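Two complexes, one shared chain (chain A), two partners (chain B, chain C).
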Partner chain A sequence: MKEVKASMAGTVLNILVAEGDAVSAGQAILTLESMKMEIPVEAEAGGKVEKIHVEVGGFVNEEDTLITFGE
Partner chain B sequence: MNKILIANRGEIARRIIRTCNKLGIQTVAIHSEADGDLPYVSEATEHVLIGPNPVVQSYLQGDKIIEAAKAHGASAIHPGYGLLSENAEFARKVEEAGLIFIGPAADIIEKMGDKIESRRTMIEANVPVVPGTENGVATLEEAIKEAEAIGYPVMLKASAGGGGIGMVRCDSEQALSQQFVSVKNRAKAYFGDDIVFLEKFLPNARHIEVQIFGDQHGNIIHLFERNCSVQRRNQKVIEESPSPNLPQDVREKLCEAAVQAAKAVAYTNAGTVEFIVDENNEFYFLEMNTRLQVEHPVTEQVTGLDLVEWQLKVSNGEELPAQTEIESAGHAIEYRIYAEDPKTFFPSPGTLEKIIWGQDARIESGYEQGNAVTPFYDPMISKIIVTGEDRIDALRKSQNFFNHATIAGVKTNIPLFHEFIESPEFVSGDYATSTLSNWMEKSKEESGL
Partner chain C sequence: MTKTTETTGYNERLEQKLATIFAGGQQKYHEKMKESNKLFVRDRLRLLFDDGNYVEDGRFANVEAGDLPADGVVTAIGKVNGETVCVMANDSTVKAGSWGFRTVEKIIRIQETAEKMQVPMLYLVDSAGARITDQLAMFPNRRGAGRIFHNQVRMSGMVPQVCLLFGPSAAGGAYIPAFCDIVIMVEGNASMYLGSPRMAEKVIGEKVTLEEMGGARMHCTVSGVGDVLVSTEEEAISEARRYLQFFPANFAVKPERIESKAQKAGRSLEAIIPENQNAPFDMYELIDQLVDEGSFFDIKKLFAGELITGLARIDGQAVGILANQPKVKGGVLFGDSADKGAKFINLCDAFSIPLLFLADVPGFMIGTKVERAGIIRHGAKFIAAMSSATVPKISVIVRKAYGAGLYAMAGPAFEPDVCIALPTAQIAVMGPEAAVNAVYSNKIEAIEDPKERLKFVQEKHQEYKEEIDIYKLASEMIIDEIIAPSQLRNVLSQRLSFYETKDLPLPYRKHAINPV
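Moving on, here comes the complex of A and B:
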């Protein structure tokens, strides 16, 4: 199981995938807003979105898990 | 006014405290958990922990802030810039609580915060506006039709937007189609309102703004212009006054138009009228900022006035000096130092392990050596304001300053300034809003050869 964690604290601006979606490596999966900058978060490897741990508008801290991928 | 609460943080809170100290006014600082160690907190007469780190839980807690002001016996609230400064509902609540809001009346903030409404007001007042849609565009079909009439490239903007957020340049129908929904969503996420409109994009344009001031006796004056065309991500990084490459007759017309714009809304307190100025020195109203600007020290350096002091005086019912008494002398340039990667502009939070500044500059800093820049707030660390007899003198002092300035612990844009201020593009003074990014592209290509 792979996880995508937040590289820095910020607010979830949008989520570009849904649970059950298949994503490919490098695909933008959500956008964080931090320090007045939009930071795109990409999938490091391909897989199926198993769980989305955050919601739009929610605040995340660095290292918080954003999305879990299944095989 | 014996005691005021400052509903802000960092350098602007410190700046306001300094003027209050000079005038013998006590101050109440508010801070989040992360900001407790910042200099402004200990420099205020009193301080209050207002909430956890995210701004929605701390610096945007209007009701809590008003309660704190009352509990500490403050009679007025200074909102600074950003955060609640242009929140009409907050301004209204402050007044309803029997406190003074140091800024314009709530209905002026409301009117000018709505970009479509402010354009409409300026058209009625005969102030030229950037060609664009009179109302919001609700659907993509409507946007495409309007964009055809305006002509590409166009700027797609959030009506409730500001601070460089919620606007995208669209060069074609395809780009507009791609961006329409996402700009609407961003507008909703950032500003809670998804109304968008279109403006013509003017290439090679400059961003020049005029500082204005109004008092409660109906007097409105201008304090000359600032050229804020050096930008990244539609956000300013260098501002200067007077504006280079602006003929005197255009400067006078621009300042007059700004006063006209302020009169159209019976403006009170400090404000800024932003214009886009094209290659032929034709200018168009862009928006009005109903607060003290980040770059206000540039105006202070050339006019010799303390704008925070005038904000307090005007709020107290005092009368402004006459326009003829306001003079501009010398040249001032402000550089915004950000905790960010100088190439990608991605924010770089961390501890300021070492700060070494150069000589001969006014430094407005929210942080001192040893403080941490946390990821919760705007990444601006400090503002460096260099003043000279003329632009050449100010440039020489700037180059000297950046030869010595260095910050360790976080990445900053100091290396970028160090190089950019020696570029022919900046030295000539003949620069536009696209100049910094073009220069960076060019430098990248050259270093790649």
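Moving on, here comes the complex of A and C:
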């Protein structure tokens, strides 16, 4: 089980995957908006999206879990 | 006849002693090193020095100590890239490279030699720390271990000091890397910690692995004490040699210009830089188009990636580059990136390496988390270092430069030798969206019709953009020059050579009270 965490505080601009999706390493999975900048979030390793913890427009703090991956 | 026999006798004794010394510690320790892909100290030195040649001081230290083949550190003088350097290198086959009385004395002496000769000092560290049984002799006294660090601090900025970390650097010994200009760490073997995991468990009750607490990857990505993460000792040595090519022997000498190389083949700057100020792009691709191919030496690549710091050549001229990376955290400056920038500026400024700032920065991060972590204090370090640097400073505004981000990236008020804008540049206290919100938020909320509201906001955005138009700033002489992106490399090369004679006296005082 792997977690993707927010690298900085901001709001969720869009979510590019759905629960159950298979993703590959380096794939863009979500975009944060912070300091008016688009912050792309990529999957560090391949896996299946198990849970999405955030919603579009929601605030996330640095280190908050965004997405959990299963095997 | 008699005389010859006597001579042979002398030589035999010498040869025996030398054989013992060169063999190092017991065979089982050599085997252990091999198992963990570590090289014997003398093999490390052979790889480091030009043609493997060096001379040694204190070679016979501890040779008569009984239980030791010789002392656990080798101190040597040799050439790297044709320039003299002094080296201390732990021999971890002797008492795990721990520091005894003579170890400390040898290290102090080679430091003194480096200072007298005004040449770089290299620390090849692989040591278990202090030898507790020798503590009175090696720890607290005038020429105890503390003197090693005292010397490092004294020599800082005088001669380059480089640490290659091959194994542990434990307890007090961990300050050797901390006082060096750069720390190269071998993943899997190198570690730094004040208290070992065993001690952490006993004293504070924490259960943790060595890798988690003080491993090479942790230090190069999280703590920032490590600068360059490598996978083998050979790579560590070749990176150290490459790093030293950028540096003069000492602060009084200027770095040499070497033969120029063309930049890497790639897309034009126009194609690389997105027009949308808020869209990410890879700043490394832009740097590749400015510097001589293969010359970029990344420092702290894995730490605070929102700010890139590295040494490079432009037409053979050494330059230290600080560039915001929009691809990581939007290029926003944080406490760690500020620390990273400050140390890098100090390094370049000490050894006459000109600074090039490539600004594309939304500003310093805001919010509770960073304020509590002291972002103002960290930001002040960065700005103070940049401000007090007297080497040539070239500020290039690539896209946005908002708020104190403009200041940190050597904006016009900080006496850059030139502030150049690309046509995509945007200099402001804050971006258009944030500014319009800040000024008109009550008015915007009062407009009930969403269409009218949007229209109002767009009008104000437009007005704001006109107000901060880069040609207006050039017309007001706020910036010095606007150039086509395709010209940037040539312009930088010319300017670097024009500024070569820059000589700025330091203000008269003892020293500044630097923010920390």
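Descriptive notes on the structure:
Assume the second predicted complex is superposed on the first by the 71 of 71 C-alpha atoms of A that agree within 3 Å, B and C clash if a C-alpha of one lies under 4 Å from a C-alpha of the other, contacts with A are read in each partner's own complex, and residues count from 1 in each chain.
As a convention for this text, a contact is a pair of C-beta atoms (placed from the backbone, for glycine too) under 8 Å apart; a residue touches a chain by one contact, two chains touch by 3 or more.
Everything numeric here is computed off the predicted structure, so don't read it as measured data.
Applying the stated contact rule after C-alpha superposition, one finds that A:40 touches chain C and leaves chain B untouched. Of the two partners chain B and chain C, more residues of chain A are touched by B. When the two structures are aligned on the shared chain, A:56 is found in touch with chain B, with no touch to chain C.
Contacts of A:11 after superposition: chain B is touched, whereas chain C is not reached.
Contact with neither chain B nor chain C is seen for A:68 once the two complexes are overlaid on the shared chain. The intersection of chain A residues touching chain B with those touching chain C, taken from the two complexes, comprises 8-9, 34-37, 39, 62.
By the touch criterion stated above, chain C contacts chain A in their complex at residues 278-280, 326-332, 334, 362-363, 365-367, 369, 431, 433-434. On chain A, the positions that touch chain C within their shared complex are 7-9, 34-40, 61-62. Looking at the complex, you find that chain B touches chain A at residues 53-54, 56, 163-165, 182, 185-186, 189-190, 233, 235, 339-340, 345-347, 349, 374-379. Residue ranges on chain A touching chain B, taken from their complex, read 8-11, 13-14, 33-37, 39, 56-57, 59, 62.
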